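Got a structure for you, questions after.
Going by the order they are written in, the chains are A, B, C, D and E; count residues from 1 in each one.
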Amino acid sequence: MITGTGVVKTFKQRGKVLGAREVRALRGVDFTIPKGGAASFIGESGCGKTTLGRIIAGLESYDEGEILIDGQSMSALKPKQRQPHFRKIQMIHQDPYSALNPTRTIHQTLYAPLSLRARQTGRSRSWIDERAAEVLSLVGLDPGTVLARYPHQLSGGMRQRVVIARALTVDPEMLVADEAVSMIDVSLRLGILALLKDLRERLGVSVLFITHDVATARYIGDDGELYVIYRGQVVERGAVDTVIADPVHPYTQSLLSAIPVLHGLEQPGEQPVTPLESLNESQSDEGCLFARRCPFRGERCTTERPLLRLGEGIPQEHACFYPERRSVIARPMSEV
Amino acid sequence: MRIDGLTVVYKTPAGELPAVREISLDLRPGSITGIVGESGSGKSTLALSLLNAVQPPGRIAAGSVEIDGLGDVVGLRGEQLRKARGKHIGYVFQAAQNSLNPLKTVGKQLLDLGRSHGVDDLRGLVREAKELLGRMGLDGARVLDSHQHELSGGMRQRVGIMLALVLNAHLVVLDEPTTALDMITQANILKIIREVHDERGLTTLVITHDIGVVAEVADRLAVMYGGRLVEQGPTREVLGAPRHPYTKGLIRAIPRLVGDIDEARALPGRPPTLATVPKEGCVFRERCALRMDVCDTVDPRAVADGPRIVACHAVEGAVDVTVDVKEHA
Amino acid sequence: MTAILETSSTTATMRRNFWSGVWRVMKRKPSRMVGAVLMLGFVFMGLFGPMFYPEQLDRDPNAITRPPSWEHWLGTDDQGRDVIALVVTGSQYVLLAALVTAVITVVLGTGIGLFSGFKRGRWDNVLMRFTDMKLTIPGLPLLLVLSTVWKFSSAVQMGLVLGLLGWGGVARAVRSQTLSLRERGFIEAARGLGLSTTHIVGKELLPSMAPYIAMNMLIAVTGGVYSQVGLFFLGVLPYESNNWGQMLNTAVFRSGALTVPSALGFLIGPLLAILLLTLAIVLVVDAMDEIFNPRLREE
Amino acid sequence: ACSGGSTNNSSGSGGGGGLFTTIDVNRPGIDASGPANPWAPKGNSFQGYNAMKLGWVKNHLTDPNQFYPGIAASWDIAPDNSSITIHLQPNGKWSDGKPVTADDVKLSLGLAATTGSTAFATTPGAAGVASEVEVVDPKTVKVTQDMGNPSSKFARGIMDSWVVPAHVWGSLLPADFWDKLEASRGTGADADKAREDILAIGQKVLAFAPPKDVSAGPYTLERVNPGEALLVKNKNFYNASNVAPAQVKFLNYSGNEQIWNYLTAGKLDHAGFTAAPTDVMNRIKNAPGSNIIKGFSPVAVGLAFNQSKKPYDNVHVRRGLAYLIDREQVTKVASPEGGTAAVTTSGIHQKPAQEWLGSEVSTLEPYKHDVAKAEAEFKEAGLQKKNGKWTLADGSPWKVSMHVPSGFSDWISAQENIKSQLIENGVDAEVITVADYPIYLEEIAAGKYDVGFWLIALGPAPYDIFQRLYGASNGWTNVAGKVAHSAPGKGGNWMGGAEEVDVEGAGKINPGELTAKLNAATPEEAKPIMLELAKAANQNLPVIQLWDYVNTQFTNTSRFTGWPEQDSDLLRLPAGVWIQLGLIKAKQ
Amino acid sequence: MVVIARRLAGHLVRGIVMILVVATISFFIVRSIPGDPVAANVQKLIQQGMDPRSAEQATRVLYGFQPQGTLWQQYTDYMSGLVRFDLGQSVTHAGAPVTQVLGEAAKWTVLPVLAGTLLSFLIGIIMGVYAAIKRSGKLGDVLAISGSLLHGVPQYVLGLLLSAVFATLIPILPADGPVDILFEPGFNAGYLGSLAEHAVLPVLTYALAAYGGWILAMKSSVVTVLGDDFILAAELRGMKRSIVFRYIARNAILPLFTILALSLGLLLGGAVFIERIFNYPGLGLLLLDSITMRDYALMGGAFLIITASIIVANILADLFYSVIDPRVRSGEEVSA
């Protein structure tokens, strides 16, 4: 289990000489991902999803807050000591091509972490080969044909599976999949999603899914939680299906309204929400971060920052002063 | 616009390979046609060949692209071709993000465009551009004064659309107009495309790999696979009742917001690349559940059934009202 | 087990494929073949050339700075020695120094670039400021000034100094390569998997940059040759054995090669050697460019 | 007493007009911003053209005190060298029309004292120093020598001085200058202070830039650019009517190869001595109008040994090498035109040697190239020959390691040739070039080299000739007429010679002391000493004299005539002197 | 504007620091040079016929221009002089200020370097465009290879070859200094003609040596720009060929301007060979001379000015770049 409380991350872009620009990527994010559970982060581009994912995977530092892995506080540890903990959390990159070293065969790619592991646990070389074949089979690849190949000889989907297999070599407790399917062909996407789901169910690996496509988030596991992030802040959080079906935050609603309707199959939602203006990074940080774009903003919104909370009889946590359920998503024709 | 038997080949070390093969497609005036296909299926190549702009080492090997009031684009050369571009056919680039000269303001590029097409009333052109931009929810004056890097992705895309339309082109080709944009911006752009299309009575071709996008905006939908058009028809009909096994598989593979998760299925196998597209027979047979012996050797003909056209041996047999679509070598 | 066997056999095939790819690239343009042959020629000349001549070259006090003839294809020098023999025997010093230069340039440049790009932070800052400064200070004038302090008494020392002065560019380039590779998922993944830095640098980073480094090395060889020949030519360096730069110097400033055409052969000898070496390296680099181009490997 | 040589008084047109092109080979790089100051090292004052001396030193074999008239029309030297009385050109004028006066001369001699000059040295007890400069009348100056430590070169020291106009340069010398100068030759704090002051004035003199070139010479400076200088005829020059060329163009000297180019193209009317390889020389000879004048040059080059190092401490080794090296061949390869192989090794240039030693020359061992003798000497020295290679007595390898400053082309060629000769005869050898001359000098003086080249026989004064062999480099110092010797390897004694040497036919002599004696000796007194020293040099061989330089002057007859004859005593003087003496005429 | 000013300030600070550092380095290198210039001068005078003692005195006067005091004192004097643009006095020039001597020489370096660079730049970029357009044909190959070769061959080889051909074999061009003295300096045909005639060979050598670099740089720049989407986009909008060409040219040349400024700086340093071969009395030759003459102050000054010119060129290049590139102008980071 991994939990984070009040995680803050600010990027300082080093100016040429004088002055530096600050980008507040995360503004105090709380999250909990139980063992074997699933969570999805969704949000617009630049909202901080990747940053949070990288922090969770130990690839990025954070400025404030606390991250606990299986109850162990990471801030309390020295960088070296953190490593074994973070190794339990493996990142699956968006671009499966750059995630694999083009100069190394799949065998070499898998061999390196396995031999490290073999050394640590005192296992033999043959174990390495067995295990390499095993993880490949786990992700649905035929070890015989794949092992000797170079990444460029594989399709996007296969590469992504290899990436997942590589992550599995260290027996992770959690996979962080950052836009893991967005660069994969439409017809193959579902295969990867199914694989992640399958790994969850079979190996008990928890999955953190980062995407801007809500629909795919749903496929990792409907028992998971959905975190809607807006400008570095979680604005809505709840069970996937609840949030999709009954979003209460206007931002969540506009995200869901933006999903194209499959006109032959679906009927558009009744109350679509369109934000008033597009995202502008430099706008003020006062009040609700979404206020300027929110068609429903009230007085409070511009002066006071709403915090994530439960209440008003709404099953999910939300950060909105005026939460209201709206039916925004398209419904299948058959249901109508 | 009528595309007829269009074949485009790329020269590779393994010889000339077709990226687009014998495609025939009618774009009805005033309609939005959407073409979907996976990466490498030849969408961009097709789009470029509509302007006779296939880049070397590619070339149009056969076929014609007839445009009302212009004739066969494939036959056009030099100045004629240049004038046709922009004035008759507006093109919105796949990576519209980068379709602007980084060193010049949008306004200057607009003037360049006007001069290129002999527009005398440059003021009028600017006015028109501002209007268009305003129509798309932007502050025209500010945008014209900006450099590319001062605009966000969505704004650039809108500028791209403006530049495609400002010379009153009636035929607009949009190649992946929303890729690399986030959901909300995408929704906005799609809305704009729809609205502008309606207002100006355009004939629009939208090319994308995302069925959702097509479903949202297009009246007609054409599905490409391995350089071939495997199915086309009115969007709602095709989505509601796909006939080609690929179309079916594709629709089934789309994750949905509601309904049973387990109904969704990935297509087996993987899409072909230029080198692995079968030379003869059905291009989809490797991944097809309905594969028959004939699929290995005979290219399925595109068979029309009312507004719908499908190229599949399996479907051919099932549908009896068949009308031959013109075949070109 | 089988996997391993298969792997090694397929790696062998891959390697064969690589070499056949190399062959294909070379064949595509005959000029590249010329380059490779020239290159081998120079290597051979540096290694074995001097063996074909007596340690003390034949000289003829009655035939000094003679124009080319059947006997002496490029004429004779100011001691009546055959110019070609001098070029060949002089190549050892030049090429050895150049090799040392190249090795040091590349080792230091790669090492510092890797370290800087990989560690980032303060060390990166310090090293890059230093590198910047090195790059700003013009090499030749610095060498001139240094040549008064330092006795470049052997080829190895010469190479050492040139190498120590020359790694800046490579370091810069390697650093930026490292920075860009770092951003690639596979390096990050390797870190996430807890692989050691040695592994990451040695097995993941370096091989990706190897072709690039190899090309730099070749270019550094030419750089090494030019600087030292240039210094000898200017006459600011003492010398013990003959080498191309000293030949140029003698030809121009002592034998009047720019005054009397009869001594021109003496000048042309080393000039030709440098020209051919440049040509060889240009052509080989041109070929390498394509050999290591990932697009080519895609096929 | 001597009196001035005759000037060519044949008045008349002088065949005037024309551009005379020449090059100053002694000074690389014409500096466009250099002042017209004869003392400034990069100044644009050209000896004989716009810079004048009292007289012009003749290239005499033995007598240092012979001059052509310059600012001085004639001069009387006291028989005991105690004074010189100078009579200025009666109608000598500066280019601005003012007459050249005795005051100008006195000021100039003072200026000379500040910048370092033989006759006005500020070191206590220096030899041949003037004690007084006296203006006798506006056209006469008398200079008296301090006879405490006289030198036979005193007159030369005076006559070989620049003269500049007092009305331009006068402000440089303070009123009490002559007292200061006097004081500076003493000892004690006052003298130190005086020397300091004079040094400071000297620097001002060196850096002084006259606002305009005021010259008493045949030319004045018109303009300079970094490559060239242009001089135009001075109408007020005393012998102006006999000066032919209307303009003189000075080219920039940046290397011999460039002069060769000019010469082969026939561009230069005159160029001073420039070493050239045979091929180049042949081309130069073939250039239209090319005229090469050769004459005496009081310099020779020797292969010097560091006798502190084995085996060079052994005279037989040195002799063996002398036999082994074929000097003819060396000269042919290294300096075929600029030198003649030394007939023997005597420390004196062959020509003056003949004058000084007469028939005695033939008694010297000629060290003719003879391998057998060489081997015999080596054996005598205890060297061993193993497998055709000579080794040291103890069997350790022997390599003759010669050093040479890079850029000295004839020296390098010579050493390369010697190296080949030695190796061919079983003596391993190498040539090591040294970055440049300053380093060479520093290191050779520090005793770092075994063997190196050393210029010797710098005539014509007898003392100067042997001072190169038996002076500071070999351990002897001569302070205020007192001679002292430092042990080998100490006090600058890098040649490592002993204080006394055994000379066959003369017994044990102290060559340093003998050399010091030459300073004040009359020619008659000098002769026997010269012989003893020549014998010492010949037998003891601190250096092997390789070749005697030949002064080669390049002229061109296409545009001008009247060039000096072969072996003329004008040869080491710049062509400006030839012009001012009225020799040069434009070709009709 | 603020961005540019800020950049300028930053550059100036860094430039000044660099110059001080270089000055320090050159000071200490120069002071540690072996070889006794005093002894050398004495010997030189002796060989010119002066007797040893007066030679010594004359030398002492001359070398009085050498700075006195302890090394540290000399250093502080040097540095404080530097601030006042005083680089000390040249010994070989009898105490003339080093700055004056350098100024005189700089003229003759700048003239051919500037002419050669501009010439090669113009021709190089034109041929570079050709090489890029014809890159798959024979002409492109020839241009590229010849470019690489010229780029690769050291300057002195070119200089010697040109000199051998045009000054030795067919002596039609002078190789002896910058101008014939017979012409009155000024704006008259004779003087300018002579100036031009003398400049032909050095300028040609510079131009040839630099030309290869330009053609390569321009080629790769054009190839990059040609691959940029906006060029294709402009074509697809039916822009005139001339306009498209301008788009290509401007975008391709832009990065070259930086190299242009840099190369101007570097050429100043590399001028040694050409100046030596053609006897052009510029900074390079001055440096060389000062080294053989052991003129410390001059040597240090020449080295410093060559380095400083590169630093200044760097700054100018960057400023120029920020003026012409709107991306930099507005403060956005652009990667080279």
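To be clear about the criterion, contacts are C-beta pairs under 8 Å (C-beta built on N, C-alpha and C of every residue); 3 or more make two chains touch, one makes a residue touch a chain.
Only a predicted model underlies this, so the values are computations on that prediction, with no experimental measurement involved.
*Asks:* Centre-to-centre on C-alpha atoms, which chain is most distant from chain A?
*Replies:* Relative to chain A, the chain with the farthest C-alpha centre is D.
*Asks:* Please work out which of D-E and A-C is bridged by more C-beta pairs in contact, and write that pair.
*Replies:* Answer to which pair has more contacts is D-E.
*Asks:* Measuring from the mean C-alpha position of chain A to the mean C-alpha position of chain D, what distance in angstrom results?
*Replies:* 90
*Asks:* Averaging only over C-alpha atoms, locate the centres of chain B and chain C and give their separation in whole Å.
*Replies:* Centres of chain B and chain C (C-alpha means) sit 51 Å apart.
*Asks:* In angstrom, rounded to a whole number, how far apart do the mean CA points of chain A and chain B lie?
*Replies:* Between these chains, centre-to-centre, one finds 32 Å.
*Asks:* What's the distance between the Cα centroids of chain C and chain D, rounded to whole Å?
*Replies:* Taking the mean C-alpha position of each chain, the two centres sit 48 Å apart.
*Asks:* Can you list the residues of chain E that touch 2 or more other chains?
*Replies:* Residues 34-35, 167-168, 175, 276, 291-292 of chain E each touch two or more of the other chains.
*Asks:* Two or more other chains in contact with one residue: find those residues in chain D.
*Replies:* 255, 261, 407, 435-436, 439
*Asks:* Would you pick out the residues of chain B that each touch at least 2 other chains?
*Replies:* none
*Asks:* So in the complex, the part of chain A that touches chain C is made up of which residues?
*Replies:* 57-59, 83-84, 86-87, 89-91, 93-95, 98-105, 107-109, 112-113, 116, 126, 129, 132-133, 143-144, 147-150, 152, 163, 166-167, 169-170
*Asks:* Please name which positions on chain D make contact with chain E in the complex.
*Replies:* Against chain E, the touching part of chain D is residues 19, 26, 28-29, 31-35, 37, 39-43, 57, 114-118, 121-123, 126-127, 153, 157, 199-200, 202-203, 205-207, 223-230, 247, 249-252, 254-255, 258, 261-262, 265, 299, 407, 435-439, 441-443, 445, 455, 458, 461, 464, 467, 471-472.
*Asks:* Okay, in this complex, where on chain C does chain E touch?
*Replies:* Chain C reaches chain E through residues 29, 31, 133, 136-142, 144-149, 222, 226, 229-230, 233-234, 236, 248, 252, 257-261, 264, 267-268, 271, 274-275, 278-279, 281-283, 285-286.
*Asks:* Flag every residue of chain D that touches chain C in the complex, lowest number first.
*Replies:* 255-257, 260-261, 264, 276-280, 282-283, 329, 332-333, 406-407, 409, 412-413, 416-417, 420, 423-424, 430-436, 439
*Asks:* For chain C, which residues are in contact with chain A within the complex?
*Replies:* Answer in residue numbers: 1-4, 6-7, 9-11, 14, 184-186, 188-196, 199, 203-204, 207-208, 210, 294, 297-298.
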